[in-house]
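The structure under discussion appears below in the form of structure tokens.
The chains carry the letters A, B, C and D, assigned in the order they are written, with residues numbered from 1 in each.
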Amino acid sequence: MDTATQATVRVRFFARYAELVGRSEAAVSLPLPATVGDVVRRVREDFPGASALPERPLAAVNLKQVKLDAHVQDGDEVALLPPIAGG
Amino acid sequence: MDTATQATVRVRFFARYAELVGRSEAAVSLPLPATVGDVVRRVREDFPGASALPERPLAAVNLKQVKLDAHVQDGDEVALLPPIAGG
Amino acid sequence: MRNAELNDMSYLTRTPISLDLLVAEVSSPACGGACVFLGTVRNGPDEQGVTAIEYSAYEEMVEAEFVRLLTDARARWPEARIAVRHRLGTIPVGEASIAIAAAAPHRAQAFEACRYVIEEVKRRVPVWKKELRVDGSEVWVDPSGRPTARPSHV
Amino acid sequence: MRNAELNDMSYLTRTPISLDLLVAEVSSPACGGACVFLGTVRNGPDEQGVTAIEYSAYEEMVEAEFVRLLTDARARWPEARIAVRHRLGTIPVGEASIAIAAAAPHRAQAFEACRYVIEEVKRRVPVWKKELRVDGSEVWVDPSGRPTARPSHV
């Protein structure tokens, strides 16, 4: 596949999500254009425990919260965040 | 004069008022019934610098703020308080 | 727990106030949040070369008024634990003249109780301030805001 | 002064937070009031034998989010000076997980800025809590409030 039409993103899992998936990160490749929602679907299909993740989790791209229809680029860091309980 | 119809109160001055009157306390005797307002009038007449006190200062009787029409009894402590600037 | 009343502890001090110690007085496993207010001596653009403020008080009434004030606050926020210290004497710019700590199960209560106490202190606790200025002058602070007598923090 | 940014200081720590030091970061002669909020680990009647909470975070994003959040706060209260520290790791009941100090010329600004920061932290700073209980169980705190997962302080 042409690399210009393909993106590899680093996906990070935190807290309860990291426990569910059994890992704290993964590399995911998918055809462009792609959204954060596409990354979530791919993760839920490809990793055993990940089917327990919500279909619409909170997500961040490159350290900033985004909606699931946000586009991803090659090299992005996509994070799936359990409900925030800071403070 | 019959002591039952006469009260002696301790009057205390604070901060700027103590500077104006040149003292921090005084004993004032006056016929009963008497109010805090009567005490203030007596103080403003009897003590040299006290005429510079306001006619209606903030006042407390026995550690509690009162209005000037509050009655005083023999032995009361009457305090004349400059505008409060606490905190 | 009513530390201040139980131990007959004074609400007044003439030495610098430790925040960590004040917070320790109110902390409890049942409290999830604590709000602290510190009033500090200011020399900002509204002041005229203030180096320190001399705080004086009707001390017996301050103690009585704090008991009443904290009783009122505890009636409004029964789960809150509140501690307060007012410093007297000459306090240099930048140091605290008053510290209030309010801990509560939920943070909204802590913020509200703390704010209530400082507002009431300003209104009813008999303390007075004299600004000491770099030019050697001394000016009584009039909280009603006359130009020559600005409050150090309002 | 933007201490945190200038010195590239972390908003995160793994050791107990000193309130007196945090307040020193924001104090200034121009400020007449400082408001501090402390979030502490709670074991109240709503909790089920909590002994400690284990705090974890998306640390790089926490740092980035605090920069954005404090930039927002400073835009709203330009005269305020704000410092914040969030503790991670295992924090015993009664100790602080977060401390926010906001100093300002006037006390209303200090209270408002401090309250804004804690509300925004709860909303957008990626930190998670796992309650450690006396019976040995461990439960992720779900801030949406499911029965088995109450927030430690809300």
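Some observations on this one:
Basically, contacts are C-beta pairs under 8 Å (C-beta built on N, C-alpha and C of every residue); 3 or more make two chains touch, one makes a residue touch a chain.
Quick caveat, the model's predicted, so the values are computed rather than measured.
Path length between chain B and chain D in the chain contact graph, taken as the least number of steps between touching chains: 2. With centres defined as mean CA coordinates, chain C is found 27 Å away from chain B. Averaged C-alpha coordinates put the centre of chain A at 76 Å from the centre of chain B. In terms of their C-alpha centroids, the spacing between chain A and chain C amounts to 50 Å. In chain D, the residues that touch at least two other chains are 39, 118, 153.
Checking each pair of chains for touch leaves A-D, B-C, C-D.
The touching residues of chain D, counted against chain A in their complex, run 39, 56-58, 60-62, 64-65, 86, 97-98, 118, 121-130, 140-144, 151, 153. Within the complex formed with chain C, the chain D residues making contact are 18-20, 23, 27-46, 93-94, 103, 105-107, 110-111, 114-115, 118, 152-154.
The touching residues of chain A, when paired with chain D in their complex, are 12, 14-16, 60, 63-65, 79, 81-87.
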